[in-house]
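Beneath this line is the structure, given in structure tokens, with notes to follow.
We just call them A, B and C in the order they show up, numbering each chain from 1.
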């Protein structure tokens, strides 16, 4: 084996380690005896519960006293997939979303991480919400495409629930889509292409100086007829992936694409 | 070949890959058939055009309807060089700068990326502005010096145009300079040295908590007689490079120094 | 030696280089002839002085004219340890803390860097403050635990001085503790556990969207009887380290733990 072979083998290892979402450890069988621990998932995501939150902390967080139990999901990489998964979780559990915060993170990438807090009266309810979030999360990484220069994200739902409605202007029970690209410049062409491809209404728009935590992303969210929303998400995603490819290698999905 | 040789060879590769601006792919001959694509440059910079922007997007961005065509330049690494290049572009094209945003980026480094939008009535005009920006950009990376601990940047123009005037307090048509250093502490000594070295007026000053997107930089911009501005830029740059060297290896230019 | 051995050796090297605080060069004997240079320390920390600051810069910074001499400490990685060290420095020198800023940094990690400015009438005083900060700093990295997924930080003092009082709500002369964890989710369980373990009062609480520079951290600071503060710091630290371990390898201290 010669030097070039070895260098290539190692550089491949490094690429794998540096790709933020792909590199995320997933330890479903991780042994952790703590009752607060629920599980982990892609993106350095951790799921936790506090069965009976301390009054002092509850007050500092401005959380209503009726939410004695908190479910917590946080990640280094990803906010869009987590918003989608949390939306499913609230739909299917007796909980309320109390916080959705977006640190400027992604371990050197250009996007966000997240901190999500669910509240309920019973610990079994928040635990269920955290479990659903962790279980559905990998699916929502399917339309995240990355290379060494940036990323493209598409999300789509036929029926938005309260998490998307309260945080991202989705009309409750209606179709809603999200497109995001880094570097942000790509996101502008992506957005223009998306809204021209189908009859959708832009309900929210973010850029490095507006609505993000100074991430290097241009983001649009849109609603409309479910076919139109899906069409717009696909059109925007496809042009953005082509543009991102001009800055490096072919962007690859962090999971299995679901918007098809 | 023994193990130590191999390790050294590979660590050199990794250094190269991790140096943000140096690692930036430059694919001038990149084949991309999209009409929106103009080109790429150092710093993961991409140049794009939207010939006829969608009304919905235009409104969300608060862009005057007379700017039907948009030229877009964005990067993971760099805001200073892009401001200089965009200033040249607006000087030499029939366009207007509509946005200059600074994400907290640089792919794990301590500085900014950028998102720049030019507007015009004709797509040929914005395309020209993007082309000039991409073409002049590498020159403005010449006085960016980096090592594994941070970076130092110096910029200088004898005649500032509208981009620098509207965004960075440069007196129109007069000499203007910029100095930035990361970690920010170095930038304070750099700034003090610069303004003591020549008769210049500080027109803008930024630090992690003021005027930056929480980047780890201390920045000053200054104007005055063109000889004085150049002298201040050189004096600040030179002490900052010496100080940065105490935290790691000898800082190296990301191009060919032009302030000489 | 076979390929697997080589790959492992090199990946170990890379881990070392990428661990933000550990990778920080420490060049106590670094030769730098500049009178402004004081020294360097862990976390890409640099210590500097400006004996007689320029009036123009002083005004831009809003610094009272009586502080002619400035002492400056800045880092890519770390704000908590620097706050502790600066608190010691002000206690033991004839200086005043003028600025404590927290860039969103840590070289790809999820936390903060810092920029600290001390002021005095005499350069010998600010130099002394910088020297004390650099000398005591490594000790305060002792209860920072890191792995590839994030970090946990604990700090404790039996007697807070003005830096902690003015910037972090510590009661002057009383016991004060800090706990921080990344990803932020871990910090919520850490905080709940800490305040339940001992009779302490939460004096400050930060999260990605509140009180941080969009870092991926959940932070609490607390006061009380010195035994209680220490107990809370240890209880929070210990559960956070266990939780962080579920996302990757066993977190290791960046120095020698001091809260024991």
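We adopt the following convention: contacts are C-beta pairs under 8 Å (C-beta built on N, C-alpha and C of every residue); 3 or more make two chains touch, one makes a residue touch a chain.
Note that the coordinates shown come from a computational prediction; the quantities given were computed from them, not determined experimentally.
Peer 1: Linking chains that touch, what shape results: line, ring, star, complete or other?
Peer 2: Graph shape here is complete: every pair of chains touches.
Peer 1: Taking all residue numbers used at the subunit B/subunit C interface, answer same if over half belong to both copies and different if under half do.
Peer 2: At the contact between subunit B and subunit C, which are copies of one sequence, the residues are largely different (under half shared).
Peer 1: Whole-Å distance, subunit B centre to subunit C centre, using C-alpha means?
Peer 2: Roughly 30 Å, centre to centre.
Peer 1: Would you pick out the residues of subunit A that each touch at least 2 other chains?
Peer 2: 6, 10, 14, 104, 108, 213-214, in rising order.
Peer 1: How about subunit B: which of its residues touch subunit C in the complex?
Peer 2: Contact set of subunit B toward subunit C: 3, 6-7, 10-11, 14, 104, 108-110, 148-150, 182-186, 188-189, 191-193, 195-196, 201-202, 205, 207-209, 212, 214-218, 220, 239, 242-243, 245-248.
Peer 1: For the complex, give me every residue of subunit A touching subunit C.
Peer 2: So the residues of subunit A in touch with subunit C come to 1, 6, 9-10, 13-14, 17, 23-25, 27, 30, 32, 34, 36-37, 40, 44, 46-48, 50, 53-54, 56-57, 60-61, 70, 72-76, 99, 101-105, 107-108, 113, 115-117, 213-214.
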